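Letters A, B, C and D mark the chains as written, and numbering starts fresh at 1 in each.
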Amino acid sequence: MTTTQPPGGLPEVEIDPAALRQLADARMNIELDTGDMILNLGPQHPATHGTLRLVVRLDGERVIAADPIIGYMHRGYEKLAEYRTYPQITTLINRIDWLSSFANEVPFIHAAERLMEVEAPPRAEYIRTILTELSRIATFLLFLGEMGLQVGAITPAFYGFRDREYVLNLIEAATGGRFHPNFNRIGGLKDDLPWGFIAECRSVMAKVMKSCDEFEDLVVGNPIFQQRTRSIGIIPAALGASYGVSGSNLRASGVDWDLRRDGPPYLVYGDLDWKVWTHPDGDSFSRYWVRLQETRESARMILQMLDALPTGPVMAKVPRIIKVPEGEAFVNTENPLGEMAYYVVSKGATGPFRVKIRSASFSNVSILPWLLRGCYVPDVVTILASLYFILGDIDR
Amino acid sequence: MSSLLAVDIGWGTTTAIKTLVVLGVVPLTALLLGYIFLLKMMSHMQSRLGPMDPGGFHGWYQLIGDGIKFLQKEDIMPAEADRKVFALAPAIVVMSTFLVFVVIPAGPRMVVRDLDVGVFYALAVSSLSVIGVLMAGWASSNKYALIGALRAAAQLIAYELPLVLAVVGVVIQTGTMSLQGIVGFQQDGAIFGFSGIGLPLILTQFVGFAIFMVAAQAELTQPPFDMPVAESELVSGYMVEYTGFRFLFFFIGEFGTAFAFSALAATLFLGGWSVPGVHGTAADVLGPAVLVVKVLFVAFLMFWARFTYPRFREDQLQALAWKWLIPIALANILVTGVLKVAF
Amino acid sequence: MSEATAEAPTWSETGSDSLARLDAELGDAIVERAAMAGDPVVRVAPDAWRRAAIACKEVVGCDYLSFVSAVDWMPAPVIGDEGAGDTSTPAQPREQTVGVAGGSTRFQLLACVESTRSPFRRVILKCDVDDAMRAESWVAVYPGADWHERETWEMFGIAFDGHPSLRHLYLPAEFEGNPLRKDFPLLAREVKPWPGLVDVEGMPGGADDEEAAE
Amino acid sequence: MKREIKGMLTGLGITFRTMTRPAVTVQYPHEREHPAPRARGVIALKEENCTVCMLCARSCPDWCIYIEGHKEQRPPRREGGKPRNVSVLDRFDIDYALCMYCGICVEVCPFDALFWSPEYEYSEPRIADLLHDKDRLGEWMATVPEPEPLELGAESKGKKK
């Protein structure tokens, strides 16, 4: 209890022993109260796959707040696209999500084809689908290994790289580029498949299936991995959707939504017998699990397409100098990382007037401030790895 | 002891020779484990070959070359670092490794000092390294290093207990804390009258062996318990600011300690240098080779797990130590004690 | 615009019910509507931008935010001399045009929301931005609009009312200018001469036709 | 608990099994992998086919092709014909430091003067040395592979060397 006198003299303090003890406790608490620590993860940090920067405020090892800072790799592709012709732009968009470049080309080419009212021949669409799914497998195989590395197991990463190499060799044999195929043309493809591709592709798909089994045993089945990922970074379905989280990340939250099936029909997915995988949990583990199943599903789809590959040309008749008629087109596709969309505004010139590039990782990562709150530093790494983003796909 | 080389050597000279031998043995063992397991076994487990060119034969020279490179490097110290502590930390880490080697016997007379409390001593000095780790983390004035060091401290405290408790079973059974005594017990023992392989204590103390291996893995901060260095989160934890020869010290400390713990496990549970029926000078000659083979076997188990498993989270590690390992180790002691009294 | 009462186009076979409900909810706030290869495009009044988002989310069931961005409809200034055969940049029309669903201002907001549940797939929303360069923020409706609006703000200079922290996303904090505006120059294309200019020396004394080479 | 132990052991089994199998890596530079014939490694220039039409330089998205030429008069092809004006290539540089390996230049070339070669060993310590002049580009012609046959059911034809 304290009583104070009017200003002018020292306050007269009546000391109560109980209050004194309380006071001492309070002081003790203040002394024990540790200040928050600001930890800067990135832009160069092994968990950020490039140049994402996370500023996290820590209390001990618990994250109080996280602020992703992006843009270290911003190349301004939307601006650059305004200065280039349509064929030149495909070389740019190869480099948005550089792990699945072929899949990036498809929606842009489709948008241009829709404006020009050109349709690629069926064989071209089949080959496009095969290569899209191949790049999906390549991307996911890397994820399956990389996620192991991020939670501390060094070996799965090498298995991921090893098996991805077979798929990349296939893509290179067909397109000439391992990472940047630039193989799509408005109205079809640059070239047909090389001799022996189908046989080689079949044997690679067998390897992919085996590789998936290996990851199932080495990573998914490992109790430490499960402890590290289960109920870590749960994305509720509705919140995820309103953040624009898409692709496997959203399907791992139980949303049965795949643009290959539910979007406007594109490529030849309608002809195939396949399944959309979902997982009800929405945590890091389910994101891993869904991607593992989707890798297998893609391999199955490719095998079906190899059997049903139609004959014929791979290029429709298009003028030599491509001028796209005036109009707007919006095409979104299910890319390995999620929904990738292009909004193309054309004014009848050889190049677009404006291209809005909607990349998947950008929206997927935008949920991080919400998602990271309250987890531990090691979980930050788990969550970052399980969301699976490519910096080029965030920064464009 | 003075008749080691069949000539009369004074105490001072013997001590000097022993010191030099230990000084040489620690980096050598670190190189051995680093080369066999880190460079070669890991590479093959990952479907690759590892370094093949340096030295001509399977890249045997790689690590030596790396060591020389480290010595040539500029000694970088962060501007904000606590310079003296920063410089001292790696030395303390390595020192604890050196001290463990003092009591590990490689033959009846091939030991620097056979202490009566050898087990106790070895486990005590091995945990000195945590002081060096804490110093390194604090002095680096780096948040990653600090978190890493604090994790290391928490972890080493948690795992010191199961480590010690796992050994208690051995001590109860053999009735001695001297490592030579324990080896002798195993050499002269017999399994139901069959003395062909002696009595490796792993047969009776299997639970103790398993707990010792897990705890040793945690003491060595190897995956799945490598949170203090956690490559993907803390970059390198407490050693993040270290370069050049100071980093080399940490490296030697890491692999030297791995060897020391493997040697302890081999000595306590696999019979150490002993070959049943071989005594005297023959054992002195044969002993080191036998010990190294056993050590490599134990180290293989350690590194096998290291290259296969992901890492725990700090709280999960604590839970494992306090909820599982310590109770099991206590139960093991209880059972051993009861059986000891009963037989 | 008076087309608000015009006959609704067959926007989408599967989603006409949903669109009718969107119509009823927004009423006069819809300035213009159009169809774009099966996708409905709705241009709403600037003061109904957030209301449109709420209607899309609550009434139509578009729970998923694809993107929020903008378009600058002003023609870009020409780089270099047009007569010199410089075809390095695609030649766009010189006069300002409007896109699908019309428009009356230089800047226009552009957004797409999709549905993950109903067969009604998606709707593209547009909204004019007047010279005040302000718009309503969607963050309260779709939290994912946060980064999209920050991007639009720094790239076009459109400020969003109700956005929690409108700061630079890609560019450094001290960056000035709005790169995606058409009058913002692309330096990479201006500091280097175009290597595509025909660089063939004529024969001494002879008048030659450079195009003959093609 | 049983499942956990099984999970731990199968993991060890996989790493052990891999250890006993041969490695998949190639010991570069002692052994080399051969990229696919289509691989876009380096651009080769067949100088005599080039007519200095500038199409490649114009279609390059990166502006990394630099061409200069001059006109020359050549004797007529047939007796009594008019002398021909031909463009002669003085400079043809590709700056591989800028090149994005998209292959548009190879594709637009109407006179088959540019080809892809799968060669990849031309890294340089200095970035300026990545600018290949027409002699260097001409040397790559020897490494251009024959066009490979296409897969069953294909109709289009590959580009001739």
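The rule is short, and it goes like this: contacts are C-beta pairs under 8 Å (C-beta built on N, C-alpha and C of every residue); 3 or more make two chains touch, one makes a residue touch a chain.
Because the structure is predicted, anything quoted here is derived from the model rather than measured.
C-beta contact counts were set side by side for B-D and A-C; A-C has more. Centroid distances from chain A, each centroid being the mean of CA atoms, peak for B. Distance from each chain's C-alpha mean to the overall C-alpha mean is smallest for A. Taking the mean of the C-alpha atoms as each chain's centre, chain B and chain C sit 64 Å apart. In terms of their C-alpha centroids, the spacing between chain B and chain D amounts to 54 Å. Taking the mean of the C-alpha atoms as each chain's centre, chain A and chain C sit 24 Å apart. The distance from the centre of chain C to the centre of chain D, each centre being the mean of the chain's C-alpha atoms, comes to 38 Å. Looking at chain D, residues 8, 11, 14-15, 18, 24 sit in touch with two or more other chains. Under the contact definition stated at the top, the residues of chain B that touch 2 or more other chains are 45-48, 307-309.
In chain C, the positions touching at least two other chains are 88.
Interfaces, counted as pairs of touching chains, are A-B, A-C, A-D, B-D, C-D.
Interface residues of chain D facing chain C in the complex, by the touch rule stated above, are 51-55, 57-58, 60, 63-73, 85, 87. Note for the complex: chain C touches chain A at residues 36-39, 41, 57, 63-67, 69, 71-72, 76, 88-93, 97, 99-100, 110, 112, 114, 116-117, 121, 124, 141-144, 146-148, 155, 168-172, 179-180, 182, 184, 186, 188-189.
The touching residues of chain A, when paired with chain B in their complex, are 37, 39-40, 45-47, 61, 148-155, 158-159, 162, 218-219, 222, 224-225, 227-228, 376-381, 385.
Contact residues of chain A toward chain D in the complex are 84-85, 87-92, 94-95, 123, 155, 159, 162, 165, 169, 172-178, 180, 182, 190-198, 214, 217-218, 221-224, 226, 309-315.
Residues 8, 11-12, 14-16, 18-19, 21, 23-25, 27 of chain D touch chain B in their complex.
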